[in-house]
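Pasting a structure below so you can have a look.
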Amino acid sequence: MSSTFGTHFRITTWGESHGTGVGVVIDGCPPRIPLTREMIQQELNRRRPGQSDIVTPRKEEDAVEILSGVLDDLTLGTPIALSVRNKDHRSSAYDEMQHTYRPSHADYCYDAKYGIRAWAGGGRASARETIGRVAAGAVARAVVQALFPGVEIISWVEQVHGIACPVPPEEVSAAVVESNIVRTADGNTAERMAAAIREARSSGDSLGGVVACTIRHCPVGLGDPVFDKLEATLAHAMMSIPACKGFEVGSGFAAAQLRGSEHNDSYYMEGERVRTRTNRSGGIQGGISNGEAINMRLAFKPTATLMLAQPTVNDRHQEVELRGKGRHDACVLPRAVPVVEAMAWLTICDHLLHQRALTGC
Amino acid sequence: MSSTFGTHFRITTWGESHGTGVGVVIDGCPPRIPLTREMIQQELNRRRPGQSDIVTPRKEEDAVEILSGVLDDLTLGTPIALSVRNKDHRSSAYDEMQHTYRPSHADYCYDAKYGIRAWAGGGRASARETIGRVAAGAVARAVVQALFPGVEIISWVEQVHGIACPVPPEEVSAAVVESNIVRTADGNTAERMAAAIREARSSGDSLGGVVACTIRHCPVGLGDPVFDKLEATLAHAMMSIPACKGFEVGSGFAAAQLRGSEHNDSYYMEGERVRTRTNRSGGIQGGISNGEAINMRLAFKPTATLMLAQPTVNDRHQEVELRGKGRHDACVLPRAVPVVEAMAWLTICDHLLHQRALTGC
Amino acid sequence: MSSTFGTHFRITTWGESHGTGVGVVIDGCPPRIPLTREMIQQELNRRRPGQSDIVTPRKEEDAVEILSGVLDDLTLGTPIALSVRNKDHRSSAYDEMQHTYRPSHADYCYDAKYGIRAWAGGGRASARETIGRVAAGAVARAVVQALFPGVEIISWVEQVHGIACPVPPEEVSAAVVESNIVRTADGNTAERMAAAIREARSSGDSLGGVVACTIRHCPVGLGDPVFDKLEATLAHAMMSIPACKGFEVGSGFAAAQLRGSEHNDSYYMEGERVRTRTNRSGGIQGGISNGEAINMRLAFKPTATLMLAQPTVNDRHQEVELRGKGRHDACVLPRAVPVVEAMAWLTICDHLLHQRALTGC
Amino acid sequence: MSSTFGTHFRITTWGESHGTGVGVVIDGCPPRIPLTREMIQQELNRRRPGQSDIVTPRKEEDAVEILSGVLDDLTLGTPIALSVRNKDHRSSAYDEMQHTYRPSHADYCYDAKYGIRAWAGGGRASARETIGRVAAGAVARAVVQALFPGVEIISWVEQVHGIACPVPPEEVSAAVVESNIVRTADGNTAERMAAAIREARSSGDSLGGVVACTIRHCPVGLGDPVFDKLEATLAHAMMSIPACKGFEVGSGFAAAQLRGSEHNDSYYMEGERVRTRTNRSGGIQGGISNGEAINMRLAFKPTATLMLAQPTVNDRHQEVELRGKGRHDACVLPRAVPVVEAMAWLTICDHLLHQRALTGC
């Protein structure tokens, strides 16, 4: 169902960019999980516009309100409703969008599908929609960490246009990622990436890139063959993020160029624990987590809104020219990082509860 | 839910490799759709082992039986149950698998997750599981083509190890793909790929590769933001196929290296039809089909079963050595092609019915 | 899933009695359906406390806010979020409830199930939860009436304790029902019922009764055998309403005492329309609507909160005595009527969309 | 979704009366549950035609085959497919049904809904469809009893036409119920009921009645407010059984005639266990099991097929006369008993797994 994600830990997000607000309802959250407003707000702050000079300068506080499902900082087991009011409306910046289809945006397709469109600010297709994901992801994180304290999920910007971050997944530190405005895993690379983003913005252009994500200490046994294999639901989660064009796990597309004798991960015993010497499987075998780090990479296209003139058509089917207005990210990746983490927490949480239903684990 | 796929056109597959058989139940199929046993069998024949000298020589007829839901070659609107009996059991070839975990296979993870495992032939983790997908996909295809006669889905092997097929998606012909045993889009490339597969097999090794898929003449408006965007459900579908490690749509990972001014697809009018001059979006914008060809690429890892000695562990947690037995594909791609097409038909069919519920389209 | 109802027109309600508010999110609502805030508020006003002297005197405005999914009084096809802020908190009246289990209430079971409980005002188990149902029901009604203008749903109080309303379903008028504070189908009966309710309240006691509901001009063909037969999903919907203890359709429990020759409904032709001479089937045959009126009856138990001393236990497992406080309905039926109608609209709407997916009807 | 029931323990039934066979696939069954073919066959034998002189004399062995999901009498955690081949086809007895609508049957509605109908023997609307329910119910029972050994579900015929069984739910013995062909709870009553059924059959007529069901030793805490309250999902389950016209739990419709002071169940302590002195709640409060017996009653209409001439219409919309042929039950209740039990096991099992997901219970 369109705006609902998950089977056991099921979230439904709502809200248009320039409407009253945006939010999410979580149905199926276990009871007695410690949860404060701050735990949610902290993640929203990482996604918020205006947090640095390389992201959109829009001013949104994005203050979350917990409307239900929590009492005295504990979840009740009943639906948790979270809402964020919209503040910074400048619909006039979007007037032209009412009838003109922005290239590589959702405008035309929304009109074609629904026959109606909340045109101001992109409506439901705005990146503002991801607020509900990030808020719900913070709750999923609280659940997973309450049930399995060691699980850790870190996402970072691995590549911006031609600049790649050289740090391998197992060496990435959350502290380093949060210490630079690009959210990459290495300080020097961060500066080069930030410079590239500033250059693109100043030319009215934008840049694509790659976000990586690693899930550490994931319990063995998550993932539900044959259709809800762990990599399949992770792919579903990630490919639903605005601007995401590709997903790979473990060896990914590099696997295509390998022989089996090069690709297979050998098992060995590390004390009582079954481990693999390499991790081309990316922590998932047969659709089920094997206890190694789950490593993913996501391709993001460059922001579609440009401050350059572009040919396009309008809703009267006339060919016209459009030049972007409004305040946009010249590169979505730094703000995509908390969204990617949120989707990973939501997916892991859902599988954990399924595994508990199935085996009582 | 594990073995169920789809919301409106919902399939549930069942069956282990060396059990009584495998099959699928389809719930939600529209009534009065023309459907014959031959339409299903024909697709199963494309997936069948033993169809050429570069696939596993196992002998399986894979004859499908329609158990319910069809009367006089028309669907009834009630559940369609399809089943295929298993024939070629050689469990002795798998005796060693009962206690030893094959590297990069599902054995260890199934044991860890379920605490029990149908070890012969890989059980539920066997590629034999995909029979239910292909059978259901043939029904989905019948539905889609009855409702929207022009829709066409073609999948082909685009790369085997280092050998890539040079034909762009818009020039691929289904007839050419079916005319060569590799199922690639070019005859000369097919011979080189087949030679590489034979070489790998003779060395007891295996090869990875890339399968491409294009959906032509897809109706505008399919895909359900924000979580069931068309690319997200396609990614879910494809990443659930055994051995699939990566998925991309349109520009995919190449988008990471582009600027927005290079990546955006300009709209123009072709008569009354809104079209894009380029197709880096891959036929999907904002999660919704825009009428252009939907182009995808899937990375497949090399077959994990090798006829080479490999270090591993057993279920008593001892380190041992294993050499593959049984009859396996040295490259899964030629037989993966009909599976990829089936998953695409299933996904499109589900979205079509959802769109019909939502708008009466 | 606990707080989610429906498959295609899917609602998720949230909110505790004495929390910030209550509300609902609707996912799957068709686009371009006329919908105003007033259409929703009008139904909430029928459910609101304090509307007459025979219902609870609590003062709640129950003003609804449309947070998303609607633009210029038309639905967008995106999730519709509706919320009502709580106003009249008097938690002190409920202090005793924090540790003492009210007889025939949900207190003990919530503690046993969740290990935590929003005790003030009954939390999620409060009748206040039904606000989300009524609000969503108003949207469902707008959808059904936009697609099939003639459909009409009327619910009324058919019995209060020993007093039954003599009007048969086909003669019930919505205007009469709304013209009396009991919401029964006959003015004289209304006065006797109101008197009985006042008498019960003055003795600190409460009364049970029966609510009837008829769906007129329902399209033929709704209902989805074998598990989502129309009567089965209606039963699910109705039995989920607080205090509902029984459900019957058509002849209901009276069928048990009949012979087939007395019970069968003969078909005949009325012009081009297939009709039945009697309607013991209650408008549903084989789980599918046949075009006759769908007639249901629901048994409601007397309100559990009494102003009388009752023996019970507390959460320390001590036997104690409890006397109800707070402001409660001595008979829930007059305010249950809009809830029953809402659940009927939601159910019919969901089946309509399913039928559209299945047959394009 | 039409032929799918349950969220966690999810079954999909398939099959028409006179097709190849009928069956069910169970997705979500926990692994390592002891399960033999005999455990399933035994329940099917209780449902089978021809088991006594008061049920239809059709000869059907109804031999079940386990096609997947079970190894060495243990469930694998993968889908369990069960099938029963149809044997006793006498389609000629149904020739007239091809174009004539049997009164109070599903024929007309299936034609109206689907535009096509498997007319022989009623197709999907045949009581034969319940085989899948009973088979899956046996698996659900195995799961529930493996996880909570004490749970017991007994169903019995409480009333046939005017004859009621005087045994209260708490005194009903499964052994007595199975010792008489009517499946009532008292030997003398059984003889009178059997005589009434024989009399009805000899006059070509049929009888309605009431089936009761009790769930003993159900764990406290099952049921998921606000929509999947235990009584709501039980009502859904039961009202989906062919010929069921009404459902009540605990006091049911009798509650309508009571005052709160008469209806409330007082809590008291029985050692460490919270209990109620009376059980008008029927073991469920606030939608959640409270540990007392869950008592339900279901109204069944008299069999619609009569050996008497009845006026009706045909599919060319002509008014015609029809006299039933074929071999039918003059009273469905004795064979409905195992179906009611199966639906109760399925519902309890689904809630148990949900509770395990939610709380790890």
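Per-chain numbering from 1; labels A, B, C and D assigned in written order.
Note that in this section a residue touches a chain if its C-beta (ideal position, glycine included) is under 8 Å from a C-beta of that chain, and two chains touch if they have at least 3 such contacts.
In this text the structure is predicted, and so the values were computed from the model without any measurement.
Taking each chain's centre as the mean of its CA atoms, D is the chain most distant from subunit A.
Comparing chain pairs B-C and B-D, the larger number of C-beta contacts belongs to B-D. Here the spacing of subunit B and subunit C, counted between their Cα centres, is 46 Å. The distance from the centre of subunit A to the centre of subunit B, each centre being the mean of the chain's C-alpha atoms, comes to 26 Å. Annotation: 39 Å between the Cα-based centres of subunit B and subunit D.
Of all residues in subunit A, those touching 2 or more other chains are 1-4, 7-8, 13, 28, 31, 77-78, 113-115, 124, 225, 359, listed in ascending order. With chains as nodes and touching pairs as edges, the resulting graph is complete, every pair of chains being joined. Across the interface of their complex, subunit A is touched by residues 1-5, 7, 13, 101, 103-110, 112-115, 124-125, 129, 159, 161-162, 200, 205-210, 220-229, 231-240, 244-269, 272, 274, 276, 280-282, 285-291, 299-306, 308, 310-313, 317-319, 355, 359 of subunit B.
Of all residues in subunit A, only 7-8, 28, 30-31, 77-78, 147, 225, 353-354, 356-360 touch subunit D in the complex they form.
Against subunit B, the residues of subunit D that register as touching in their complex are 1-4, 7-8, 10, 12-16, 19-23, 25, 27-28, 31-32, 65-69, 71, 74-81, 83, 113-118, 123-124.
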